Amino acid sequence: MQEMLLTGRGGEGVVLASQILADTFARAGYWVQSFPEFKAERRGAPISAFLRWDADEPIRRRYKVRECDVLVAISASPPSARSVAMLRPGGLLLVNRETRFPHRGDYRVARVPGSQVARRNRILSAEGRPMGNVAVLGAAVRLLLPDGLDFLEEAVRARMGTLAEPNVLAAREGYRLCTTQHTIGSDTPYEPAEAPPPRPPLPPFAVSLTDSRVNHTGAWSVERPVLLEACNVCGLCALFCPEGAMRRVNGAMEIDFDYCKGCGICEAVCPVRNAIAMEEVPA
Amino acid sequence: MTPELPRGRTVLTGNEAAAVAAVLARAQQIACYPITPQTLIVERLAELVAGRDDVVFANLDSEHSMFGYALAAERAGSRCFTATSSQGLLYSHEQLHRASRERIPLVAVNVNRSIVAPWSLEPDLADSISQRDTGWVQLYCSSGQELLDSVLCAYRIAEEAMLPVLVCAEGFLISHTAEVVDVPSQEQVDAFLPPFRPPEDWLLDPRRPRAFSGLPEPNDYATYQHNVAEAHDRTRELLAEVAHDFAAAFGREKVASLEITGDRAAETAIVTIGTIGETARELLTDDEPPLVVRVHAYRPFPADELAAALEHVSHVCVIDRAPAFGAPGALGEDVRSCGIPATDIVCGLGGSDVTPETLRAALARSRVESPERAAVYLVGGA
Amino acid sequence: MAVWLDEVIQEESLLYPGHAACAGCGPAVNMRHFLGALRAATPGREVVLVIPASCWTIIAGAWPVSAFGVSVYLTPFASAAAEASGIKSALGQRGLGDAHVVVWGGDGSTNDIGFATVSAAAERNEDLIYVLNDNEAYMNTGVQKSGGTPEGAWTTTTPVAAPRKGMKKDIDRIMAAHGIPYLATLAAGSVPELKDFRAKVTRAAGLHGFRFLHALGACPPGWRYPTGQSVEIVRRAVESRYFPLLEVDAGTWRITYRPKHPLPVSEFLGTQGRFSHLSGERLALVQQHIDERWDLLERLEAATASEGVTK
């Protein structure tokens, strides 16, 4: 039995991707199991799905995937250190990203320009973001089930309704554009950016002990605002920011990227041309 | 004009006794929604607290809202009382679960009434027995006096254990039955029951902004459930302690968990709950009298105490006054879980009368039935 | 405007950063300004937020975290208004009755499962502020139809092949019919709207009894539009008269903002994927219903102009 962890953000089709891939393996004669991480989904918040497949036997395991053979990062941003730590030694890491995953570790890395493929095929979310999930699946099939592209196409057609055709094209492109590298360009070992804070002991009653400023939800963002020279510091962006992440300090606007989720309201409400722009979050 | 509380040896219905107990316990909030046969409790309370500025009487729009109101008011620091029956208790089911898990020491009286369908206003215990897994301490009474006494004890138990307590009494058989009830004085009750002083780290205090009951991660969630179970385990001892204090304060015995009557060396025992326990005492003058065990505290279940009481008994007959569908009756199952082989007889449903003859028939039937059988129904006037 | 805006953006947000709302959450903008205006209007008064099951159960924070600088009490879906009544009463018994007790309930909770309880709290004229956080569907469970879902809208339970029939429940008229002291609709789609929004919160904060505030909040995943558009879409809702800004103060109806050149409602609907299937006759019917409701509000305003129809 092989186990896979798929990671991404709420709204990127991570759960659907795990189901399509399960369907693909099943069409190729495998026993499969696909399930999401059970928690309240928030747009942009980290989310996981799991996949198990086995050539010979039905899968009876009923607990979450704790270690995996394959880690698939659907998001354009790199997978979290915690996810990477779940990879078994020698496992496969498939990253949706034009840039390399620049870290050393005991795993093989493959990459696919999933978001680029999605943009090219006009596969966009309701919010206008490229949906690279199926392109990434094309790459996953190339690596794990090389004769399975037809099965993937069938699964996409069966599960995506009117959105199927552009996604079939994306699957093919993902399959074609997948590249693997066995040596890693950087010598930087992959280490958690910061250790999670120690958990307080459980008090007798479930009453809060601290406030949400310990949650750096800025990590959810795919894009983020950049202030440009034309900004006249009118403060409208701060007025409408749902996070309270924009402030006027010493005559200039300041963005707190610890909390900015990159929604783009600031850009939309800004009355000045060339005062604010959205850019992709640097890796 | 607020009517005066009855005092001393007086004749009250069970519903009146419950109302008087709530006032004596200095409940600060009374949450009300009518349902037969409980309604007389809240009607009487409305009269008793009218014009008092230290008690709020709140008319709500459903039992779900009524429990919600009382739970939230309790969390914000007021000692509360409420009462319901049957469909009303069922309608508040999610609030009952949440009460224990939120550790809210609410005291409520359930006047037992059977469950539709078909419609019936008469008693059996299906309403509260079916709430046994909601995490409430459940006390079942067999007289108006025990109902009054149990409500007073319930506040001590609830507020020391931080668990909700449901005091149950059968409709009509207790609620509408007028009998002699000894009503203690306010001074006696005040000496027994201190004011409500909940833990600071539990209390909703607007001056200390915090969030209550936010989603913990799965392992912490599990620990919180375990905490409730542990609180129940500790409550077994607390029941005995409170009964002891009660006797000292009021000069009257109070059953803690089990009432055991008769000869412990008897061959046969009859284990039951509620008013049937009183009727069973009439068998004590039979030629071969059984040991009579009445369960007062149904949750936490007094398993060790029961096993000890039945140690020398060779035949145990359990009387369940609630239907059992596809499994043994609830009380029968609990007795068996103590390692005691027992035949489970279901009778008294929907107000069917249970007389000594019914119980003799039950005993006779239990002797010919295999103890492994799920539940034996004694119905149709048998 | 500058002074007003300077003051508002300097406020410490009582909805803390790091909260768990989706990116671009319209109701989060509303929450920030609601709490900000309430605190500014009554600086010395504590606030208890009572939140029935909703997105805000999650946004409020996973234990051990709270996303708020005020107390937050989470309740089951149907009982928030009753529980808030209990809290207000109990705080009064402890000498803390000055605290604002606020229900922040969604359109499902308010229009549907908790409706009897909301109505009962209004009928008792409980001393509460009830905010209807209206994002027009059950969003926390993933976009299902509620009584607040507008005519023609797609949801997962009213798919395009069988879209929502009938208009959203006219909760404003229903609540006003209870004779409550104050009712207002709130929108945060522009600076003037926000001024109107905060002035209404200020008015509500100074009154006693049951105050009902109906806030429209745009939801990117549920309404299907890019996250950055949450404010502009609300502005269009107001400018198209889809969401009239009004108040009912002691029974007197008043439209608090009249768009000079109302946008056709298609200018609002067209921004969102949930209405993308609407066109032709069905679109015209929506426009007709919007116009009819506006006319009704005009008549209510005229009829109650001199004195309240209710007390």
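Order as written gives the chain letters A, B and C; numbering starts at 1 within each chain.
The rule we apply is simple: contacts are C-beta pairs under 8 Å (C-beta built on N, C-alpha and C of every residue); 3 or more make two chains touch, one makes a residue touch a chain.
If you're wondering where the values come from, they're calculated on a predicted model, not measured in any experiment.
Engineer: Trace the shortest chain of touching neighbours from chain A to chain B and give its length in steps.
Structural biologist: Minimum number of steps from chain A to chain B: 1.
Engineer: If I average the C-alpha coordinates per chain and also across every protein chain shown, which chain's average lies closest to the global one?
Structural biologist: C
Engineer: Whole-Å distance, chain A centre to chain B centre, using C-alpha means?
Structural biologist: Those two chain centres are 53 Å apart.
Engineer: How big is the gap, in whole Å, between where the Cα atoms of chain A centre and where those of chain C centre?
Structural biologist: Using C-alpha averages as centres, the distance is 33 Å.
Engineer: Between chain B and chain C, what is the separation of their C-alpha centroids in Å?
Structural biologist: 43
Engineer: Send over the residues of chain A in touch with two or more other chains.
Structural biologist: As it turns out, chain A has residues touching two or more other chains at 40, 206, 208.
Engineer: For chain C, jot down the residues that touch at least 2 other chains.
Structural biologist: 58, 61, 63-69, 72
Engineer: Going through chain B residue by residue, note those that touch at least 2 other chains and give them in order.
Structural biologist: Counting only residues that touch two or more other chains, chain B contributes 210-216, 220.
Engineer: So in the complex, which bits of chain C are touching chain B?
Structural biologist: For this pair, the touching residues of chain C are 46-48, 50, 57-58, 60-76, 78-87, 89-91, 93-94, 96, 99, 116-117, 119-120, 124.
Engineer: Which bits of chain C are touching chain A when the two form their complex?
Structural biologist: On the chain C side, the touching residues are 5-6, 8-10, 13, 15-26, 28-29, 32, 58, 61, 63-69, 72, 140, 142, 188, 191, 194, 220-221, 224-232, 273.
Engineer: Name, in rising order, each residue of chain A that touches chain B in their complex.
Structural biologist: Going through chain A, the ones touching chain B are 40, 202-208.
Engineer: Which part of chain B faces chain C closely enough to touch in the complex?
Structural biologist: Residues in contact with chain C: 28-29, 31, 54, 56, 58-62, 64-78, 80, 94-95, 98, 204-217, 220.
Engineer: For chain A, which residues are in contact with chain C within the complex?
Structural biologist: Answer in residue numbers: 10-11, 40-45, 126-129, 200, 206, 208-217, 220-221, 234-236, 238-245, 247-248, 256, 258-259, 261-265, 267-269, 278.
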